[in-house]
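As written, the chain order gives the labels A, B and C, with residue 1 at the start of each chain.
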Amino acid sequence: MSERMLTMSEALREAMAIAMEERPEVFILGEDIGIYGGAFGVTGDLYHRFGSERVRDTPISELGIVGAAVGAALSGMRPIVEIQFSDFTAQAMDQIVNQAAKIHFMVGGGLHVPLVLRAAAGSGTGAAAQHSQSLEGWFANVPGLKVVIPSSPYEAKGLLLSAIDDPNPVIFMEHKLLYKIPGREAVPEGAYRIPLGVSRVLREGQDLTVVATGIMVSRAMAAADQLEKEGVFLTVIDPRTISPLDMGPIYASIEKTGRLMVVQEAPEHGGFLNEVIAKVATGPALGYLLAPVVRLAGMNIPIPYAPQLEKAAVPQVEDIVSRAREVVANWR
Amino acid sequence: MTTAVLKTGDPLASQENARYALLTMSRIRKLEEAVEDLFGRGMMHGTMHLSIGQEATATGVCMALEVSDQITSTHRGHGHCVAKGADLTSMIAELLGKESGYCHGRGGSMHIADVATGNLGANGIVGGGIPIAIGAALASKMLNRGTVAVSFFGDGAMNEGAFHEAANLAAIWKLPVILVCENNGYGMSSSTDLAFAINTLAERGLGYGIPGFTVDGNDVAAVYEATRIAVARAKAGEGPTLLEFVTYRWKGHSRSDKNLYRTKEEIDEWKKKDPILFFEHLVRDKNLLSDVEIAEVHAEATAQVIHAVNEAMKGVPADPAGLLAAVFKDLDSKEVSS
Amino acid sequence: MSNFEYAVIMPKMSMTMEEGELLGLRVAVGDAVKSGDVLFDVATDKIDMEVESPADGVVKEIVGQVGSTMAVGAPVLILLTETQVMSFDFNAPAPSIVADVPVEIKNFHSPEVAISVAPISAPPVLAPIATIKAVPKAREMAKDRGIALSSVKATGPFGTITFEDISQPHISGANDSRKAANRKMVASALEKTRSIPQITLTRFRAHASAFIEEGSAHLLSTWARILRQNPHVNISTITEKPHDGVGIALIMESKYGLALPVFADPDLKHGSELTAWIRETREKATRGKVPIEMLSGATASIFDFSHTLINSAIPLLLPSHTTALAVGAPDAEVGKSAITLTVDLRYCDALEAAALLDQLINSL
């Protein structure tokens, strides 16, 4: 077993390289992914390794890029689209929502769209309102799309390889703050696949179940480390894919802890975390609740610019710590 | 037999080709008349967009294509579907909401696709199919398939961003794609005079480095010839061509259209330019088909459509039980590489 | 050469249209018409429309009455046309699918849509049904134990009863006392049988699995068949006479503690029938409702621990019973399961008891 600690960029690049070696039909297209190596350096040297046909630079043309990827996917290819900032998916929405997501269903099953759309998401870089959003909830609300949110380099590599295998369109939301940070976990060399639609329990504690996605997973883990010293024990669950969503481990954990906190960076109103809460409220675990569910999400505002404003707009480790402490103390 | 084998070649090159071109146009028209009748009787659901009057473009373009060449189509796509060789019974069954329809009742008129004949699907979104055709052409190029992709779209779609982005990608990557604009004069009720400040829509190609041609869309032989040249360019690696076929839809945009934006005189003028009558005159003059043979072709088309409707009616209504399972394609073993 | 007869119908113009009014005719019988000529005018729920001739021809007959309302699909007039017009009358005006919302793409010219406003009646005044706040798990426990939430002191935020509040040792629910009473009743009954001379034998069964899948049905019917073949142990100790048929009490959990419903002649039922009967009875017991006809008539009892973690138990005879059987859970490593039989020595000696136990294990 290898003990390599990679960054998420490196892990993603490794996954794409493996997929391109395995399958001639896999190719990448996007803005500045060639010689430039990608706006966040994810494609890196792939252009030199696989050439300009398979690591295909495009004009700034998101609708055209995604549409071309849909057409190529319908015709035997397995494109990976890189969208520099997930905010720019708005430019390509028709092709994502009306075309890619629906073609297999509406034509009666004769066609399918094996497409992966990778996009850099999230705040924390000072890029302000149009370059910092967490839009995964949009896509989770469209039947026909799978939505993956990797929380670490290890997860990113295994999930991306599964996403590329998948015969359906997969939206792959990468938090840009995770790109450069090594994960807590070693990344094995070679191919391994993490199936889409399987939640992962990262640690178990008896007092509170925390469901978190993306960068909030590492914040929840940091909060759990702190609270452990005070004698408050958290279970942390990363659903990894929010569509499809694996609620089983979440229900099972609530049975043991009786308390639930859901954490996301996206604004609270209409956010994906509400779906988790709704499933708990209408599902088999309701009767185990000892306390009201805690919602911890981004403020209902566009992401602001100044560092202190930006930090205040989304949940931080200290927010998770204080809300967790509070709910465990108040509801016994 | 309701499926036609796609035939490639000049509609005027032989009696056989002339007969095929006339039969295809007649099948499109009869099919759409049947659709209009069934809708009028309340047996069809939703709405419908008829292409009666535009049969020559679909027919002429598809006669320049091979079965393996791909098309993307539009909301007014029955003609493209038929001309590319689709099965009439499965089409009608789909419009009747039957399980036996092309889409098992899930798509309806605007979403018929037929993988076997290279039809990547009609599209309910104006301009939606254009970038998809670019992608199909990209795949053809990357896989060295030697096929071309044709995107049908209307004049209205040329003002969508999708057209511009797709045209540019097609040009810079020199893709084997043909952009086919069926200019029927109106985007729903907006006339091209109101929606464009250029003389011909083919001029739009210049801005992308794509040659553009304006052609009489009601002359099936002219449509064929223009497409043939575009196909030859595409297959020679010379990149995309923009073809503007000027035509006219006789019927309203959809069923609830009261034709307030155009005059009866204008419609009557265009009916005189009926692509089917025009072609009949042409083949008569060239001694390719006699009056009797022409009547036989129409009778055959009529019989095929009647047969298709009767067969489609026998189908069972689409079953809601399978809906949830139909959203995603299952991951089968072939999909996972070792 | 007008060869084809074609009925021009009242057409469906919009998704919601079911009938239309024939406003007026533009043609008369004998008129020659061209394709596209207006034949008649129709008023619908949304718009007024002109209906055009689909082909060149001659008007043969007028069917519709001007001013009348006609159903979609009803013929308005008959044409003789020169070319065959596509026409399909399947005598089935009902569409195969019915939409409850109009989905048609509308013309930009806004159609005249009449919106009728339904009178709004005042909503009924509702009395609050739950004035006591409690977390879901506390409510569930209150229900299980028959605790009145009004008797519990709330210490949680917003005056909410927490799980801790309801778990206080001094709180007892109505069901708690029933459970206690039930426990005492079973205990005092067993006290009466302690003076009876009895023997308890255990034998292991190999390759055993839990009986829970079919809800102890196989065990129950096998033991019943053996008792039927051995009338000397199928005796009610009160009457001291062989029992009519076989009755076995299957011990199970109920809302109020243990319940002992008696299954009469279980060996005469089909396996699936018996399984369903047991399942049904278990459900009833959970709700605290064992059928009254199942409360008496047993000569034997079975305590099935096979689906628990208990490997063996010594069953005690219940009053009036001749035998008692306990089945333990299979040992996790070797799959052995202990079956323990207690018999009333007044009706069955130790060797006979051993033979019965052998017979049971061989039959299972």
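Going forward, a residue touches a chain if its C-beta (ideal position, glycine included) is under 8 Å from a C-beta of that chain, and two chains touch if they have at least 3 such contacts.
Owing to the predicted nature of the structure, the values given are computational and were not obtained by experimental measurement.
**Q** Which chain's mean C-alpha position is nearest the mean C-alpha position of the whole protein set?
**A** When every chain is reduced to its C-alpha mean, the one closest to the whole-protein mean is A.
**Q** Count the C-beta pairs in contact for every pair of chains, then give the pair with the highest total.
**A** A-B
**Q** So, what's the distance in Å between the C-alpha centres of subunit C and subunit A?
**A** 39
**Q** If you average the CA atoms of subunit B and of subunit C, how many Å lie between those two points?
**A** 51
**Q** Can you check the complex and tell me which residues of subunit B touch subunit A?
**A** It is residues 70, 72, 94, 101-104, 106-107, 111-115, 120-121, 123-125, 128, 130-140, 142-143, 149, 161-162, 165-166, 168-169, 172, 326-332, 335-337 of subunit B that touch subunit A.
**Q** State the interface residues of subunit C toward subunit B in the complex, per the touch definition above.
**A** For subunit C paired with subunit B, touching residues are 9, 11-15, 18, 35-36, 46-47, 49, 54, 72-73, 83-90, 92-97, 99, 103-109, 111.
**Q** Residue numbers of subunit A touching subunit B in their complex, please.
**A** Residues of subunit A touching subunit B: 22-23, 25, 27, 53, 58-59, 61, 63-77, 79, 94-95, 98-99, 103-112, 114, 143-144, 146, 165-168, 193.
**Q** Considering only the defined contacts, which subunit A positions touch subunit C in the complex?
**A** Residue positions touching the partner: 258, 286-292, 330-332.
**Q** Taking the complex as given, what residues does subunit C use to touch subunit A?
**A** 135-140, 156-157, 162-164
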